[in-house]
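Given below, in the form of structure tokens, are the structures.
In the two complexes below, chain A is the common chain; its partner is chain B in one and chain C in the other.
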Partner chain A sequence: MNEAVCNDDYLANMLKTWSEPSTSTLPWLDQLRSEAVDCVNALKMPTTRDEEWRFTDISPLIKLPFQVAKEPSQLKIKDIDHFFLGEAKIRMVFVDGQYSPQLSCITHDNDIIVGNLSALISCHSSEIATHLGQYTDFKNNVFAALNTSYLHDGALILVPHNKSVTAPIHLLFISTQKEVTSYSRCLIIAESSSNVTVIEDYVALQEVTYVTNSVTEISIADNAQVNHIRIQRESDQAFHIADCTASLAQGSQYKSTSVALGARISRYDLNVKLADEGAECSINGLALIKGQQLADTHTFIDHIKPNGCSQQLHKCIVDDTAHAVFNGKIMVRPKAQCTNSTQSSRNLLLSGKAQVDTKPQLEIFADDVKCAHGATVGQLDNEEIFYLRSRGLSEITARNLLTYAFGAEILERIPVISLRHQLEQTVLKQTQRN
Partner chain B sequence: MSAVLQNLVNQPYKHGFVTEIESEVAPKGLNEAVIRMISAKKKEPEWLLTFRLEAYKKWLSMTEPHWQNVKYPKIDFQSISYYSAPKSKKKFASMDEVDPELLRTFEKLGIPLHERAALAGVAVDVIFDSVSVATTYKERLAEVGIIFCSISEAVQKYPDLIKKYLGTVVPVGDNYYAALNSAVFTDGSFCFIPKGVKCPMDLSTYFRINTESSGQFERTLIIAEDGASVSYLEGCTAPRFDTNQLHAAVVELVALDNADIKYSTVQNWYAGDENGIGGIYNFVTKRGLAKGINSRISWTQVETGSAITWKYPSCILRGDNSVGEFYSVAVTNNYQQADTGTKMIHIGKNTRSTIVSKGIAAGHSNSSYRGLVRVTPTADGARNYSQCDSMLIGDQCGAHTFPYIQVRNNSAKVEHEASTSKIGEDQLFYFAQRGIGAEEAVSMIINGFCKDVFQQLPMEFAVEATKLLSFKLEGSVG
Partner chain C sequence: MIDKDSKTLLEIRDLHATVNNIEVLKGINLTIKSGEIHAIMGVNGSGKSTLTKVLAGHSAYIVTAGSVMFEGKDLFELEPEERARAGIFLAFQYPIEIPGVANNQFLRLAYNTVQAQRGKEELDPLEFDDFVRDKMKLLEMNPEFLDRSVNEGFSGGEKKRNEILQMALLEPRISILDETDSGLDIDALRIVANGVNQIANKENAIILVTHYQRLLDYIVPDYVHVMESGRIIKTGGKELALALETRGYEWVSAENRTAEGVVS
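And then the complex of A and B:
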């Protein structure tokens, strides 16, 4: 009972700074925000008694009702330029959840619309209204509801019909202050036959405690392609709770590669709706954690219409007393005949106290489908180590090499070379032992 | 093609008759007085009554679980009769004295109850409604020191053994239905294999629910001492009623050092009609404790009946090098629902477990596999392999897989794979090419699909299971 009261307290605290919008020019936006507040009030903080949060105890977070940063830190380009990516022509930088035009770099070629959501919302109201808040299930997700309540700044990317954006777009979310909550939001709209690559990148400037609450919505129209790369390298004391929903129209393609390296507790919910015929998605994930970190990834691939195709590979490398959680649900609805779906969860435990909870889940209501999933948990294969040793590598080198290779399989799927190299260095550093 | 398959599935339930036999039925409802009445009727010692009352108290404090992937209207526990026994109950000196009506029932079911059925070579304990009516081959088993009798008899004759083991694997408050069972269980089988004895024949229990609106709550306890081994079979049927009946059994297995217990079930309770009316709710708790080193517990189940099947035969692998196995075929048709699977809890070093689960869903049914593989920090070198395959027949049914894998030890190796498939047109075409009709082809494909599990069954059961499956699915493929 106590717990319930405390939860409500937490949410009440989180809404303390929320104020009724002073009737803006966009009634739909005001309505969306108030609806979200109603949802927050109706919902409770999840506990480990909720199936979806069974292995992820967020009670440490409940003790810390951090508010939105009052003043964003004043950063110079040189403070953060080591995060920049050479390939990205367009860069949007958010500091503690607020958009920073000085640090961002936006070029207007190709007719694509990129910019801060709060600035562009009035001139593109109708396009945004049809998508914003329409995909994420904030009615059942208290964190997404909180995010939507505080909806203000965010990244908006709208790629018009037939446009192909060759250079990746870099969205950099920087946390600089301790004990604040940042609400970050992304809306990616790919119109029919368009093509775009987006990098969502969460970084920290210092090792402090803070909370990132992020919501991403991606709408992919007929035959469009979105390549979504998500890097979470928060501070090791941070909390990172994120929700991403992608909705795929006929013949569209969604590729997602997510890498979780940081945060004390991180949770990533990825929902992919194959809402029309012949949609395809490819989901890859890597969690590389150590110390007392907990990384929880929940994915939900929903096959709604026929001829859909999904492929998923999720890997976890867990060291020290860290804890990795994976829950991958694949749903094949009654009409989704001729679906082809594969899912694989691979987990490598590097220490005796590391923990893994994995639950690949299939729910199938159509008979003409090909679905398979697999999961493994274990340590490095002795035969593989022997093979390398027989070629003259020391045992340590062989182990390091195999551990690195285990993670690198996911990194190889990142098409942005500079980013891949950065991550490869990080993984190399973390998997090497003497 | 579809029509052929449809006709194929919808065979009538052949065990649906009611035997006109006078029964003593307790009034409906559950309260302390009923529990005292059951205990008094069975002339139980005081400690067992205390055990029951404690369980009842626990049960009252618990709420019905709702996490399962099956749906049913709320059960009114006060409208169930908790005791029903054939009236002419006295101790029979030989089979000839048994009520001929009862014998005919079992003959109809094809159970080799009569001693003359010695050819079958199986010792049978028969539970009719809630009470054990006959046990065969007792003397021959007693020669080698094996105790095989009804649990009520064991309570009278071997109270120390029962007291020592009852409720140790499935504690009274383990779950809602186990608590209910512990409070009201009426009979069941008891089997004790002493040190070093290999049981010379398969042991079998046959369960039959006969009375309408009675629940069946039997309790089975099997103990294999050091180096002992036993193969135990269980079969179930029930007559056709339009009301749903609850079957909440508890099975406990204990295997000590180097012991080996093999437990096979062919479950064919009445499944309800084609509109999902009636049928048994089969909510059973089965658990084996591999307590000693090198012990082995193996569950094999063929689940074809019941409106709802909801059970997870589990193994707690406590002894070092102990082995747990689970082989399951679950077939659902019409409006049947099944949520079944296993739990493998690895505690001892170098423990191994294997899970092979095959689910076949047809009609409007739903079949779920739910399994847990847990490797605790002490289980160095633990190894698990799980395989769950589902086959869907028709587009109105569902197949679900919920495997939970929890690993707390880095020397463990856990593998899980699952797949879903259907009987393809090309497969049927291939058979047709070779002159084999659709019906037979489907039967062959399904038997091939289930082969890994049927191989684990004792011979007679394997034959029965194969037959059961082929008529169960008659008419559903297409």
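And then the complex of A and C:
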């Protein structure tokens, strides 16, 4: 059945190396992959005629039907240790999509289950089957469907009931080769009343062209808390297409801070489902781009049940001829009474040719809700500049400080100090003029 | 304090200024000597705030005539930052919030910039921390305000204290306090006033822009000026503020009209 002709050359090419898994020890997994392949065959590559892709022309990707890396790169710790974070006790490293046990560091002093998905899937089959592929909407998202078709290695984090993991867990996805597609996958399961901080970090060793296709699924059970930090610092020539879905149960909390710095074209879809009462999320994003980069962030916060709370701040700093896109949809469904939701999109243009398209989208079907949203696009505020100059700072210093601060407001929300300092340096470097 | 031998810091002569092409200042004359405290009072729209912005160098306010000499130099030759470094300080009526910049980072940057300009020693973060904490005691400020973003989420009173803290750090020759008392409860007013009094000395001067006599119970002015329609229409001692408090502004205005009538 998977031999059906794909209606899209690019997608057909992408499925060329796909083969029916030989082992059938996990029929549910084979079925999941097959379903995903069917979806790829049924779906089309999006174009700018699709509402969800209106501002992001991904047609350049069609010319790059890269396959998965055949040979993993032989990396040593010293090649990549500058990416390591002192605070993280657990580190999983993926090289061009493949898990590298040698470069990873997994301590077992916790009850948590953490490791490579493909290695742990047999012994934790039932827990994983309940969640894997259950949140991401791959039936309507061709990239998530491709990712699921090729599902193999990935990061699995399962935090048991009542368990608090104090040190952050670092998931490091390293691209080393040109002209390959890496399928990155994360599954984070936070059982009731547990607490975990996860850093999803995409980096490159070379400024070359490759594709990252990433899918992350996060299940947050009753009263659990997940702090999710996502750093996209790919090569400036790379394509990064990512989908993350978080499902929040009663009284649970999800904090997300995503930073997009790299990639020629990047697209991040973040879907947060407040699936039960009293769930809370705080969604913060920063895109800092220059040159010809395009960074597109689509978020969908779905209030399904009463007493939910969502707070969102998304910022873009755009230089040269770069182009930032933000589409922030907030849905308040009929049962989601007493929802409290705020959304703010703030955009700073550093050059006359920089472009931002921002689209806050509020859909409210409940009558007792508190929702506020706003968007601004522009240059630095003259009153702020004057305030700083009146304290002795030169105009250029004032401008540099305010531009830096514009981005730093998001970085401040990253609870991992060493990572925050790394990013502050990046923002500093990219915002300072002489 | 008034001392006839003290030197002139600021000399404003026939100052006219416009904002959005509307003339707001219509001939201000004011001389300020070191050691003096001047209060400028007047109804809303009389031009008080405009005067403060013109002195600090805000680009939206255009000087159309007149002159201001600061310690013998033409003030209008200087950019806002040069004025600040030379010793002009404006405490804002509405201090600006700067999310993403820690207050201690901002305060140190401003302090070191001004210090460097004056050929004095700059402080590293640790040295500065001790120094600024000491100054904060003057204003009974909680040191946690150092780690927060500049003015972000500060209450009205906290913002005003942060302004006076900057004044204490930058040691200006002339401080212009634009409605520093607005939005302060009586305890905060007392603390802020106490801070200002400790900074005031015979080498510097202070201009207080205010609506209310209340502030002047704590910071006693040597001169009280009443502004109306972009001019100073009456100058007196501290007792003038008390008279305004009980009688309002109308009588000053009427007196002024009569005086002008006599002239013309």
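Note that the second predicted complex is superposed on the first by the 426 of 434 C-alpha atoms of A that agree within 3 Å, B and C clash if a C-alpha of one lies under 4 Å from a C-alpha of the other, contacts with A are read in each partner's own complex, and residues count from 1 in each chain.
Assume a contact is a pair of C-beta atoms (placed from the backbone, for glycine too) under 8 Å apart; a residue touches a chain by one contact, two chains touch by 3 or more.
For clarity, every value in this text was computed on a predicted model and none was experimentally measured.
Of the two partner chains, neither chain B nor chain C is touched by A:P60.
When the two complexes are overlaid on their common chain A, residue A:E363 makes contact with chain B while staying clear of chain C. By the document's definition of touching, of the two partners only chain C reaches A:L393; chain B does not. Looking at the shared chain after the overlay, A:F406 reaches chain C, while chain B stays out of its contact range. Of the two partner chains placed by the overlay, neither chain B nor chain C lies in contact with A:P101.
Of the two partner chains, chain B is the only one that A:Q379 touches; chain C does not reach it. Judged by the touch definition given at the top, the superposed model places A:G86 against neither chain B nor chain C.
Counting contacts by the rule stated earlier, no residue of chain A appears in both its interface with chain B and its interface with chain C. Chain A meets chain C in the complex at residues 382-384, 386-395, 397-398, 401-402, 404-409, 411-412. Interface residues of chain A facing chain B in the complex, by the touch rule stated above, are 51, 55, 334, 337, 347, 349-379. Interface of chain C with chain A (complex): residues 56-60, 79-81, 83-85, 89-90, 92, 95-96, 98-101, 106, 109-110, 113-114, 117, 149, 166, 170.
Every residue of chain B that touches chain A in the complex is listed here, in rising order: 67, 375, 377, 390, 392-422.
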